[in-house]
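Submitted below is the structure of interest, expressed as structure tokens.
Each chain carries a letter (A, B, C and D) given by its place in the written order, and its residues are counted from 1.
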Amino acid sequence: MNKIKTEFLGAKVSSPLVLPAGVMGMSFSGLNYCVENGIGVVTSKSLTLVERSGHNGPVIAEFEGGFINAMGLCNPGIVEGLAEINEFKQHSDTPVIVSVFATNTEDFIELTNYVNKSQGDFIELNLSCPNVFDEFGIPLAASKDKVAEIVRAVKEISTIPVIAKLSPNVYNISEIALVAEAAGADALCMINTVGPGMLIDKKMVKPILSNRTGGLSGPCIKPIALRLIHEVYSKVNIPIIGTGGVTNGDDAIEMIMAGSTLIGVGTAVYYRGIEVFDKINQEMIKFMDEENYASINDLPKLEKLK
Amino acid sequence: MDERYTLPIAKITKETEDINTYTFKHNLGAKPGQFIMLTDFEGGEKPFSISVCSETEFSVTIKRIGDFTTRLFKKNVGDLMSFRGAYGSSFFIHKKRVLLVGGGYAVPTFYFLAKTLIENGSEITLINGSRTKSEHVFADKFATLNIRTINTTDDGSFGEKGTSVDIADRLLEEEKFDFVYASGPEMMMKALQPVISDNKYEFLFERYMKCAIGICGNCTMDPLGIRLCVEGPVLPKEKVEQLSEFGKYHRKPSGSRVNF
Amino acid sequence: MNKIKTEFLGAKVSSPLVLPAGVMGMSFSGLNYCVENGIGVVTSKSLTLVERSGHNGPVIAEFEGGFINAMGLCNPGIVEGLAEINEFKQHSDTPVIVSVFATNTEDFIELTNYVNKSQGDFIELNLSCPNVFDEFGIPLAASKDKVAEIVRAVKEISTIPVIAKLSPNVYNISEIALVAEAAGADALCMINTVGPGMLIDKKMVKPILSNRTGGLSGPCIKPIALRLIHEVYSKVNIPIIGTGGVTNGDDAIEMIMAGSTLIGVGTAVYYRGIEVFDKINQEMIKFMDEENYASINDLPKLEKLK
Amino acid sequence: MDERYTLPIAKITKETEDINTYTFKHNLGAKPGQFIMLTDFEGGEKPFSISVCSETEFSVTIKRIGDFTTRLFKKNVGDLMSFRGAYGSSFFIHKKRVLLVGGGYAVPTFYFLAKTLIENGSEITLINGSRTKSEHVFADKFATLNIRTINTTDDGSFGEKGTSVDIADRLLEEEKFDFVYASGPEMMMKALQPVISDNKYEFLFERYMKCAIGICGNCTMDPLGIRLCVEGPVLPKEKVEQLSEFGKYHRKPSGSRVNF
């Protein structure tokens, strides 16, 4: 397991695998369960200032190659959410990313003030939830100005490193990434779910999700994630948490080669069980053994784009 | 693939004022203790245990509680409903002397369990408890099975007087059982736990569920983090004993804790 | 087979299934082979003024749920391309959509003048190819102004109905669709491939496609297509050729319910063979039989969005 | 899934000045007549017929023609190459008296075919033709098989003098064959066609390929529209007889027609 030890913004991590926001991140115990199964870093569910019940069910539906989901940012609110994280930290020294969601700079600042007082190791700005269009409109991550403004404001007051989570649904991902970097982001997490998409029940002639639409996750978004990560990696100098469709060791290796430092593993928990993290760890080690790489940090990257 | 089926309600059986059984013609291939996620695409998708299951049909027995179930109670035979599953863990099939301790709308799932146990040659004693006669369910159906059934109500209006736990306590003093199953209100199971502390057992739990496929984390049980929709809803003694939230709190749709 | 007969912009079609641009559309014989296998309308490969060899191979790569491809708009040029269509028309009265690609209004006008002299039944403006970024930049379909300008210019001179093919990779699809409609588009075709995405060979540390990136097609893009079609259908009054991931009869029915009049079937040719069109026709009929719909035109649509 | 494998070149065998055989350690599970798509990720992915195929390795025998093959000829054992397949139709395995008519770099695929025919008890006559001795391939390999082989060169520098078609013409006047296979330059096959018009036969064709999975349409054959990468590259007599483009034209990467 030494082969897969690495560092992220100064923190030592036992595996490059990250539990991304919204997956198993509701409770201290859910996070801990993933640690027991081999994850290196955990992310909380995206926390908002006020408690949210999220969308009515169905909140998730499968199709070939992935899922659409629209949880609707359900979370107990920043105070209770941070209490879960602090409880988690009592039992584990695994680094925690606190994901927060808001729709304006003031709220992000308020959230950051709370996070500063918690035991979270990193703060992640969810600028890219595609499932609250009706409520909040197009994700902030689609606008360079808003990304710049929010990242700068949070960075100014945050006592821990700041991660910006980007949306895949834009044509100018590297511009947005550069803006986030310039505004002080210490790292990027990409990608959030794709689309969104819709599925229909053809007998009842209704959208399956009660929110009508939901973002795509799972194996089928991997090519999109790899493309965007590589483009951003070619331009920025901050580390990337590459997330989207990683289901096995091969996927994880590809993510690193595209330019990721850490690798998110979300929907794969469905495909391969909670053991998926240990399995991917082992599969990465197997690849490194076969190809004679001594450490995950020795894995080569794709040539950068000009 | 996580298949979804949309079918007309084939039969509605009124069990009590607030409890109906809904039957669908579909070979679900479920095991006792498992559940489906049911929706009408009008907002809300909810977990329900399977109470009857054969190769041609299955049923869920549902108590009217909130928005979703209230709407469901207005549906008629022939109306379409959509479901996915079956999901979750199932009861261990113990082939010797078993005791089933049930309460309220959670008893009917024992009908499916009892049928399976009978096929496997188990010797079954069922305690079917409820608060009062008008809330008692499935007594007729259990009567058709060749098992020992003790009906009980808190107020004595049907069967014996007392809670399921009272009856279990008495039985266990007099007799030996190889395995105990419990399905009912969490506080009932909490009360039962010390009574059966020398026995092997399994409990069927309920927690708020959203994805039902083990990724959203809404149904994790502290401090283990196990997901009630995957590792549960049926949990064995070893797990139950470790649960700090058992009988204390559960989580709302937001993930916020509420005490029982 | 009467059940699936329908009309499209005044033309009678034997099946609502359309062969989309770029699939089997290189030669008159390729188009004809699809007709023999049950397709209702065929589309040519996107034709450009000058012959193009397209990108070097590999031009296509599979992942779970779909393919990425970057053919690079290979085509024999408008003159030879239209000759193939005319040859096709000698043997078949199946309606033909002539897909054309250009990067500016003048070229689109020139292409239209050629198409006017051909036996093509419809002209489709490919405003949305995601595989020639390096050469031509972001697809035209991402800009309302360009869509308006080109559609208007072509509509003015075209002697046959004009179809605009839209890109899925935008946040404001209905605005773009409305602009196309206002500019005179007679129908819309959506969606073109998604992303684009990238896949990596982890032993050679190279992108698999020689173009590095390629647009996503196949089952996994269906939810995105359904969502976009439904949004556009809710706003416009022109028919939609719903395309993207349709692989079986259920998918086709969902496309119609989302708001499509005709349904494109492309990548599914790989998954289910050239017989896929007949198979989908039969599957649609089976569904209509079971649910008591007398005609494909009776299938209900999802409630429109407000 | 359309699997892709990236492996080191295990062996390079120089056959002639311009023809090499490349061997990979991989159980391809191909049938005779099928091809792979080969690439080095430096631009270009090209179809090549399988010349040798066992459970542990397979080979492709390649003529240096243009950019891709020129680059390939500079590679060394151990260099990585990537391939997908095997794709396409395969030769019908006729178990009686068969005649194999081959020319140039397209002959080696008959080695794989001959081995399979032998296993099936066929009685094989092979015409291995080329322009001149220095371009003749696989004579040694075929010699190791217990089959009747007639080597022939246009200039008589190796084996008999004459084209493969000349030899086939002579043989067919004297003998009866139950099935004829041809693999070689299209004009050779075109010349062969009238000679074998009374026989059952299959021809292996080459057309420019891009996707190799039957969707891009670059390899369709007029006027049938069949795709050489799926319904071909091996086509039976009934199909060949209907092809209007056979021996006349093929299509460039753009789809534009070029005459032979």
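As a convention for this text, a residue touches a chain if its C-beta (ideal position, glycine included) is under 8 Å from a C-beta of that chain, and two chains touch if they have at least 3 such contacts.
From a predicted model like this one, the values you see are computed outputs, not experimental measurements.
Going chain by chain, each one touching the next, work out the least steps from chain B to chain C.
Contact-graph shortest path, chain B to chain C, evaluates to 2.
Could you please state the distance in Å, as a whole number, between where the Cα atoms of chain A are centred and where those of chain D are centred?
Whole-Å distance between the two chain centres: 50.
Using the average of all C-alpha atoms in each chain as its centre, how far is it in Å between chain B and chain D?
66
Round to the nearest whole Å and give the separation of the Cα centres of chain A and chain C.
Going by mean C-alpha positions, chain A sits 33 Å from chain C.
When the centre of a chain is set as the mean of its C-alpha atoms, what distance in Å lies between chain C and chain D?
Between these chains, centre-to-centre, one finds 36 Å.
Pull out every residue in chain A that's touching 2 or more other chains.
64, 203, 206-207
Using the contact definition from the top, classify how the chains connect: line, ring, star, complete or other.
Per interface graph, the chains form a line.
What pairs of chains are touching here?
By the stated definition, chains touch in these pairs: A-B, A-C, C-D.
Can you name the residues of chain D that touch chain C in the complex?
These residues of chain D touch chain C: 1-2, 4, 6, 37, 39-41, 43-46, 80, 82, 210-211, 213-218, 220-227, 230, 251-257.
Going by the contact rule at the top, pick out the chain A residues touching chain B in the complex.
22-34, 36, 45, 51-54, 56-62, 64, 69, 71, 74-77, 80-81, 84, 91, 201, 203-204, 206-208, 210, 266-267, 269-270, 273-274
Residue numbers of chain C touching chain A in their complex, please.
63-66, 68, 138, 142, 169-171, 194-200, 202-203, 205-207, 213, 216, 218-220, 222-224, 226-227, 230, 247, 250, 253-254, 257-258, 287, 291, 300-302
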